[in-house]
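Since the structure comes first, as structure tokens, the remarks are kept for the end.
Think of it as A, B, C and D in the order they're written, each chain with its own count starting at 1.
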């Protein structure tokens, strides 16, 4: 029990106090800041090892899928192929083997194989999936923006006015009035600067307190779901 | 040539992704699984070339006596793999505990110092005045307080507290609506970028080599 | 029955309309009216006061993801400079693709002006990391931050750079920025070195910059596609020679992008109205049917 | 346990005293007011939270208001059981070091235990590799405690990829093909929030979201059936556990909030009177 639960909890407490104490001492005691910088370097390395843990899981899952001929197994091959090609380019670049000198640029700025793959496979795929949002934001607005009650009405009216104020349409509608072309754009700015800031601020303050409270629970060993461990 | 070939590959993959809008299909499935593999490979590359090689292995091999302390993260990192050996699987928890504990400590002070204090400070305003109307500050202050009350957990929300928290919800709704409407433009820009790529960049590059 | 179908419209119809509404305007300009706002006019007017012999520092502080918004700004401002024979020193401070953006846009624009010479009328110094540190260091010496141009030429051998030691030799900084870097040009470089700064940034970041505009730390601001389209509009009005570049089919400009934005906004708003009208009528019909 | 509490309070106090004592030493270039507010807030907050934790451990009853999204979790898992479909849980796109992710693991423990008790299939897909490692511990233990360790296998919690949009694409495909009856998006979400929620909506799943990311809350609130907003996400784990110590910490955080509201109002009153020191104390340069 000690090794499996107590030890991790004691470590959590000790390690958790380090940044708290160094934070308040950092500006007063010269040299203290070396502690967080060193520990952070360690943490980045640990996270690096964790990525490999994920890779192992993906490879296991894909191989299993292919071996058992599960539905869609050929796609596991394309996954493994992408992983193998890109991953090996990456590792070879890290080891600086043969033509793989440098990851995203060669010693004289030339295009590396890794960069070529990044530009023509990775970047377009990333941008394409990201841009699906333009479609989804439209369908979400159509489907979900129904005036069902007062709260929904407030949300929809605000969204509608802001959308209108962000285009030349918003300037056009009230053009007939003196200075009218600034009305809707001005209203948009007001919505963002006043009610939206108020809502965001309230959420941020509450969430920050919630996060700090969670931190304290973890440091004190009360919250331990991440260890899978139950309270005593 | 390599450039144009690359553009055509990118265009094909973009169309594969867009085909998902119609329905799930083998082209999307191909692009999606290829992307999963390539992206993992990408991070294997960046992690090994930008983190593990320069920050761990090279210092350890080149200057072991001075860099021996790097054995600590090395061991903690390797320790994660104990998960694969059932008898000592629990040992992986130690690395997790250390990792989480450190960041949880950082988050605690950062949230209080970097979020609560400045946000409260910025709300201590004279209620009369504002950039748009003379009531802006008053509305802002009311909104912040009402939303904070909405998040109060340990009293029941009825009577005056209920009324204030209801007002808090209204502020949240207006704020969410405005943010939603405001974001549309940025998302459309992303699509403009892709249309540009498909119908202007690729076409132009192809025309050049023909 | 029809109302139900409208309320539960197949989302693919919306997708199709958005796709068409985005694509057509960027190929052929519709020509919605553009009315320039004061922050955009201010930058335009400032460049109008500069001429041959003056030097503008153009900083590429954005990457490919925000290129549809920012690249048209960079193109328009560079064209404006080159039309007026203002010399341009370009740098990049954004890590994710700033260096490629800078190289591409500057190369493209310079190609339109064959009379201008690389190294004399413009130069591209490339990317430097450590944003704020680099910004401060340039106040002392450009050569210490950028010892070589992006093409690998030592700065001492570049005629233009012989006239640029630090910010004192720069007449205007224009940052094309996707995030907080634009603010740093205002509250760090302008505040500490007094060099005039203008910022072109995304629609998302623009509101944050208004405070710097008010305080005079930046003299002009282009916000998102809208700001870019306003600048293009001013440029074409003042230099009619450039009009074909902006009206031609198959070339992307902010005015076209703004047309696409307007169409898409209109589509979305229309659908919200239709959806609500159908929803409302359906509810009314249901309550009318209910007995009692 | 109590010793730990005292140790922590002691360490905090020492740190505080040390910092305050040397605060206005000339030549440090740091305005003492700048660090004073965070420290004061830290001490007040820690005191209140620890005080209420200790008090509730002694058996004081605590009231916590209803949080609708949490009530709906059981219903969502129940529906998946009826339909014989999966429950999908995503602990967010954030890293393990983000507190939202840790809060998500606390909710995951509850959802996993519900799934185990209903013998419903659960799928937890991960973007962050360390979160993946931690989620496996969480889920395995939850199954064990629910008395169904037999149902746990290594394909319940799986890793996808580290890239935000590759992950989103893979999960969107998964949702369309497997059609889970309940989707949980709990944790730190960025631009993927709407992509995931819209796809899930199209497949007809009950969706419960939770995030403290203000920029994404509008999208979850509009598309999902229930959304845990901001602080509710952090409180969820405590609420679900029903442990006195956990609930005590929420009470402590509520009292801090009340103190802050009073401070805010006092500051505004002084501001009207032309006295600025309450505001200045809270502004960091």
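The rule is simple: contacts are C-beta pairs under 8 Å (C-beta built on N, C-alpha and C of every residue); 3 or more make two chains touch, one makes a residue touch a chain.
Computed from a predicted structure; not experimentally measured.
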Chain-chain pair with the highest tally of contacting C-beta pairs: A-B
Far-end chain from chain C, centres as C-alpha averages: D
Intercentroid distance (Cα basis), chain C paired with chain B, Å: 24
Centroid distance [mean C-alpha coordinates] between chain D and chain C, Å: 37
Centre-of-Cα separation between chain D and chain B, whole angstrom: 15
Chain B: positions in contact with at least two other chains: 17, 20-21, 29, 31-33, 35-36, 38-40, 42-43, 80, 83, 93, 96, 99-100, 102-104, 106-109, 111-113, 116, 120, 122-123, 141, 144-145, 148, 151, 172, 175-177, 179-180, 182-185, 188, 190-191, 193
Interface hub residues of chain D, defined as touching at least two other chains: 42, 45, 96-97, 99, 102, 130, 133-134, 136-137, 160-163, 165-166, 169, 177, 217, 219, 221-222, 229-232, 235, 250, 257, 260
Junction residues of chain A, two or more chains touched: 13, 17, 20, 24, 43, 46-47, 50-55, 58, 72, 122-123, 125-127, 129-130, 132-135, 137-139, 141, 143, 145, 155-156, 160, 163, 166, 189, 192-193, 199-200, 203-207, 209, 211-212, 214-216, 218-219, 226-229
Interchain contacts (touch definition) - all pairs: A-B, A-C, A-D, B-C, B-D
Touching residues (chain side chain A, partner chain C) in the complex: 108-109, 123, 127, 130, 134-135, 137-139, 141-143, 145-147, 156, 160, 163-164, 166-169, 171-172, 181, 189, 192-193
Interface residues, chain B side, partner chain D - complex: 17, 20, 24, 28-29, 31-33, 35-36, 38-40, 42-43, 80, 83, 92-93, 96, 99-100, 102-104, 106-109, 111-113, 116-118, 120-127, 141, 144-145, 148-149, 151-157, 172, 175-177, 179-180, 183
Residues of chain C touching chain B in the complex: 12, 15, 18-19, 22-23, 26-27, 64-69, 202-204, 224-225, 250-252, 257, 260-261, 264-265, 268
Sites on chain C touched by chain A in the complex: 9, 11, 14-15, 18-19, 22, 32-35, 64-65, 152, 203, 207, 226, 258, 261-262, 264-269, 271-272, 275-276, 279-280
Residues of chain B touching chain C in the complex: 21-22, 182-186, 188-193, 195-196, 199-200, 203-204
